[in-house]
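Working notes, beginning with the structure itself.
The first chain written gets the first letter, and so on, giving A, B, C and D; residue counts start at 1 in each chain.
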Amino acid sequence: MKLQFNQDDEIFRREIASWLEENLSGEFAPLKFRGGPGDEHMFPEERKRWEQRLAEGGWTCVGWPKQYGGRGLTIEQQVIFYEEYARAGAPGRMGHIGDGLAGPTIIAFGSDEQKARYLPGILSGREFWCQGYSEPGAGSDLANVKTKARFDEAAGKWLISGQKVWTSLAHESDYCFVIARTDPDSQAHKGLGFFLVKMDQPGITVRPIEQITGTSEFNEVFFDDAECGAEDIVGAPGDGWKVAMGLLGYERGVSTLGQQMAFQNEFDEVVALARDNGAAKQPAIRQRIAQAHIGLKLMRYNSMRMLSGDKGDGSLQREALIYKLYWATWHRELGELAMDILGPEADILAAPPYELNRLQSLFLFTRSDTIYGGTNEIQRNIIAERGLGMPREKRW
Amino acid sequence: MKLQFNQDDEIFRREIASWLEENLSGEFAPLKFRGGPGDEHMFPEERKRWEQRLAEGGWTCVGWPKQYGGRGLTIEQQVIFYEEYARAGAPGRMGHIGDGLAGPTIIAFGSDEQKARYLPGILSGREFWCQGYSEPGAGSDLANVKTKARFDEAAGKWLISGQKVWTSLAHESDYCFVIARTDPDSQAHKGLGFFLVKMDQPGITVRPIEQITGTSEFNEVFFDDAECGAEDIVGAPGDGWKVAMGLLGYERGVSTLGQQMAFQNEFDEVVALARDNGAAKQPAIRQRIAQAHIGLKLMRYNSMRMLSGDKGDGSLQREALIYKLYWATWHRELGELAMDILGPEADILAAPPYELNRLQSLFLFTRSDTIYGGTNEIQRNIIAERGLGMPREKRW
Amino acid sequence: MDFAFTDEQQMIRDSAETFLKATSTSAAVRAAMSTELGYDAELWQRLCGELYWQAIHIPETYGGLGLSYVEVVALFEQMGRFLLCAPYFSTVALATNALLCAGSEAQKADYLGRICAGSTATLAFTRSRDWSVEGVSADFQRRGDEVVLNGEYRYVIDGHSAEFLILAAREQGCDQPSGIRLFVVTAEQAGLERQVLPTMDQTRRQANISLNNLCVPASAELEHGDWQALEKTLQLATIALAAEQAGAMQQLLDMTVAYTQERHQFNRPIASFQAIKHKAADMMLRSEVARSAIYYAACTADTALGDGNAFGADLAEAASIAKSWCSESCFSNAAEALQMHGGVGFTWEYDVHLYFKRAKASEHLLGDSSWHRENIAAMLLD
Amino acid sequence: MDFAFTDEQQMIRDSAETFLKATSTSAAVRAAMSTELGYDAELWQRLCGELYWQAIHIPETYGGLGLSYVEVVALFEQMGRFLLCAPYFSTVALATNALLCAGSEAQKADYLGRICAGSTATLAFTRSRDWSVEGVSADFQRRGDEVVLNGEYRYVIDGHSAEFLILAAREQGCDQPSGIRLFVVTAEQAGLERQVLPTMDQTRRQANISLNNLCVPASAELEHGDWQALEKTLQLATIALAAEQAGAMQQLLDMTVAYTQERHQFNRPIASFQAIKHKAADMMLRSEVARSAIYYAACTADTALGDGNAFGADLAEAASIAKSWCSESCFSNAAEALQMHGGVGFTWEYDVHLYFKRAKASEHLLGDSSWHRENIAAMLLD
């Protein structure tokens, strides 16, 4: 067990840090610290150009194997990449879903044809993805997916119908990966398919959801016989659950450390505020600030354990299982702390009619953290059932 | 809505206060502040004599109607009685179960013969009662009672077999009221009977439970064809649920205000300690002390609402429903606060081998508050189901 | 002792419920909050003209209904429940109470009379997050028959629209509580500027007020307008705010129970999940205790108002107990309601967020829970 | 970076688990805790003679195994899990660390050698609830070749039985941290009295120690024994204590999950109730995060021990993070375990109460969570 990075890694750290410093300038300077959660709807075009700049530097898809055009970084280097990216305040990644989810899924489960077709657009920062997972009636319960895909033999295509919800940046995306039921009589985890669907087609309608923040970055996506080529299903019909579960693994990957560095930026802002407005002298606030700091450090240590694959007592699975519940709750509390440090000033907006300041946005937006991608309650069920072997909830 | 007691009530307050001051002296002086929860096993004989002294003064069964020998106090006067009793540090009532539960139940549901037979012993402070409610497998779920009562036609008696648990002071009691199943094929709330059973008989074995405190005041009670006269069932066979539910109402009666005064004594001790050892200067402790004070005041206001029968929006039931969960949680937290004020001294006992000081006893004993008489979890179920009309838990 | 509404009180509460349910609907609230004024002037007229709520605890001598603070609290509870957008808190909880605590007979007759007639008013006293005596930073100087005021106020409820204001200021150069005095001034005059502040909670307006050599006649000084009167006013207002919070808590609970009964997941209403039931049970506990807190505080307030000299610890304690419980509890109920509503709770379309934002904003107004707990701790320990 | 046990570390952890599961059984713990000594001397001999655990991180130069603090933490985790009654915390976490941080070469050779040979030892430094520099209240005076010590210590772990002790004292009349020095003394001598304290947590003994003109040779003064060395020792010990807590948390979780699977109510295993599942999930979360905290702290401690001059903020921060998380979390897990065990959790017969009491006692030793959070706050904010 050791904490230090080796010398090569430290050299690598300086490389990415200086690349970012050099490139986050000029037209990209205004993007600093923008486009994160709660701010994802801002500067989409500029951030797409930024993705291309990243690609030119070889900084997209850094964890993909070299054979697929990735940079093939080690775990340590990926950690460093994400940390430095966030530390520099580089903007929220428009390419995140393609780079971190769609790409790795296609590499793991896709056909050669799919790899050839889709990976280059992700690598070059020119094609953007969104995910079609949650449904209005199903929440984050994939087993309850109602969206249907039927194969039209005549046209040789899949036709997808149904509704997805909580789809980030759907209106800015070129493709969506969609979980849909290929066998209409199937139940639960059986009979699902995993589809790669072009967004720009008549069968798809995107409707932004107006959020608690007054802004919209989540969407509802309606599929009405949306077309998907026969060649664009990942795996076979019925493999959807397996593919989706693999994908969930990627969500808890190295990018968590980048997320934490973004949290660190937010936390630093909260601390600076408390110092400025004198709240840092209030004992109760001091305790909460310390608690937030402790929570963030522990989040980092936990991720490091997760990434180091400590299987000491079968616990890789265990520390990964708690991760979503932990960070979502921590982040939500940070938002509350920020407001309580602001005190009555928490209620005063940056500008009329409804422009939130960054901390207000944090406060409101983090309410979604404990809801999307499996609510805290679902997470606790999962932990108890998969982590502790307790009985599953009965369906009525 | 008004808070003040009227002048007659204030005169009454002085009467009971001075009676207590006069009588809690001499042989009874050592009983001050003794015999409460966690200390109920102490001085049983002396406390039985105290009950007789109370009876001589007319201070047993103060809420019973005069026609049954009670003092017939108004609600306000009962409140005052219990408050002054606790304020004076008068000892934990050995007669509590008879006075507060068995007696009122017999008055409400019993036969004339039962009234004539059992009430005088309670009134005179010479016959003591315990309750046979909880069972090992059933927790506080009366519907799951397994103890059986079968009527022996030949002997003309009920024979009771089964096991009860968490029976306070069973070894000091003359009688026990027992819920048992009169119809062996019955389920849930049907087919129960409510029996008045003499403790001193071969069919009953009392086994003390050694508690977390190292002391024993709870017991297991084993019934092995214990006898109960045909005339000693309250109501008819099958009425047990109805009778028991009526009894639960008494448990949440005016004596709650006396309980709160005892809590106030404990709280005052905690505050004095914090002042003495300097913990009262620590901001986090200050917040918790204030919170405990607030919690206790609100407990009192809530009881006053409960007793005033505010049916404004059907809420008598509502504020009564939350009462157990509220006080049990508050009391448990008071125990934790006391330890945290003691700091490392919390671990040091009053004397070897295992003599707890009062606050340690409070800390350990209050762990049972959120368990017996319906755990916090059961209480929340009840609140949600009865108070909010949410669906009942399914049995598997 | 009778800790329950009288029949008359119950009637007032019930009629408020009926009226507000019909008028302060989600659509009405959303319409009002998008206006600059922040409320529906017509509804305010009905409230004043038909129901006479603005005059509820103003003594009959001054044209009011002469009812007790219990009725006041009962109304605030229903207003909080239905998120009423109106200058009621500012006019009744702040200005009316200030006048009752600090005005001379003539001042009361004049200004309470105006309130009875439908005028709006508010109280301005702090410019920082400090709700204690140190928060008063505006100052005044006496110049012959005039008084000149300077300074700035923030978080002035309905400060942009109130027709007259009670201002707290301290005598220049005096940093003792004894230097604090209250003045009553009309809003539209030279030397007084006001600026509405955009707020996250759009159901209640706040403003900045700047005084630049504001000259007022000596008669504007409230006769008994010292720090004690201001403190008592703030305590009375704190109880009203807690009552709003208690009302909101109940509504959040009701909305949430209804939603979880309708919403199905895993083929069951989510209300059947124990985690949901237990959260709802805790919400109900908080809500019931909140009600006990505000009714008790209402009785205490009534005693304090009835006795002109009662500046005792009872009112301070009751107010701090009520606010410390209700602030945290209301936010907890709002947060749980949002969580239990799941995704839709996060949308602008559902009303949960309106309560959620109101809960956070009210939490900080007039002192948050820690602040009030420290007040209590000081009473107990120092 | 590799934040996982090496194979060797894993082996040590696993063998500790196996050994303690077999030897530190419920019956063994109950037997040990009822003796005056507080532990089973025979088991201690096996631990020292067969397993050589007392020497685990003592450098090979002094006869130790020369392993890292990661192994130390791995052992403490298992000891906490099985509630081992032994003078291990006092000897290894307190005395050995003090000697490593403060001893001269000769002192280390001598006293660490004794520990390797199975001697027990402890550290005495405070007489109050104050774990900071102000807590050191005993004093010393140099008199020629002797030093005379006076004062009292409380909460001295295994102070009644340790064969030698490290004592912290401050030079008479000096209230600066710079006046603090450490001394090593054997337990049985004139001027040193010790009295075992009866404790609620019977699995760990504490004692009072009184010094009455205790005369020791000047050589008893540890060469580098200043406040910095003491502080570092306390931080290292704090990490060991947190590791015990993390181990206990895991055991509490395991016991509880097993119990709830067996226990039926309403015709279902209570483990099937969502309220129980969610509590268990939260216990697991706390437990996993605790492990991350102690392993990280172990690595930091190892660096600090390796570098004689490393008195940096890293160790202090890691220790405070670990202890603040583990103290509260361990008590929470114990409290929830007791609650979920229902009535039987309240009995002496079941083991839950042993963990529950240990959790509360350990929470206060070496600073509770608020105290450690305030340490962190001071680093961040002041």
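Here is the rule we use: contacts are C-beta pairs under 8 Å (C-beta built on N, C-alpha and C of every residue); 3 or more make two chains touch, one makes a residue touch a chain.
As the structure is a computational prediction, the values presented were derived from the model and not from experiment.
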If you tally C-beta contacts across A-D and across A-C, the winner is A-D
The chain whose C-alpha centroid lies farthest from that of chain D is chain C
Note: chain C sits from chain A at a C-alpha centroid distance in Å of 41
Per the C-alpha centroid definition, the whole-Å distance linking chain C and chain D comes out as 52
The positions of chain D in contact with two or more other chains are 268, 272-276, 278, 370
For chain A, residue numbers touching 2 or more other chains are 283-284, 287, 377, 380, 393-394, 396
Given the complex, residues on chain A that touch chain C span 134, 136-139, 141, 144, 165-166, 209-212, 214, 277, 282, 284, 339-340, 342-349, 351-356, 360, 363-364, 367-368, 370-372, 375-377, 380, 393, 395-396
Residue positions on chain B within touch of chain A in the complex are 283-284, 287, 394, 396
Interface with chain B, chain C side, in the complex: residues 1-6, 9-10, 13, 70, 253, 257, 260-261, 269, 271-272, 274, 276-278, 280-282, 284-285, 288-289, 291-293, 295-296, 298-300, 303, 317, 320-321, 324-325, 370, 373-377, 380-381
Listed in rising order, chain A residues that touch chain D in their complex are 1-6, 9, 76, 79, 271, 274-275, 280, 283, 286-287, 289-291, 293-294, 297-298, 301-302, 304-305, 307-312, 315, 318-319, 321-322, 325-326, 377, 379-381, 383-385, 387-391, 393-394
The residues of chain D that touch chain B in their complex are 129, 154-155, 197-202, 206, 264-268, 272-273, 275-276, 335, 338-339, 342-343, 345-349, 353, 356, 360-361, 364-365, 368, 370
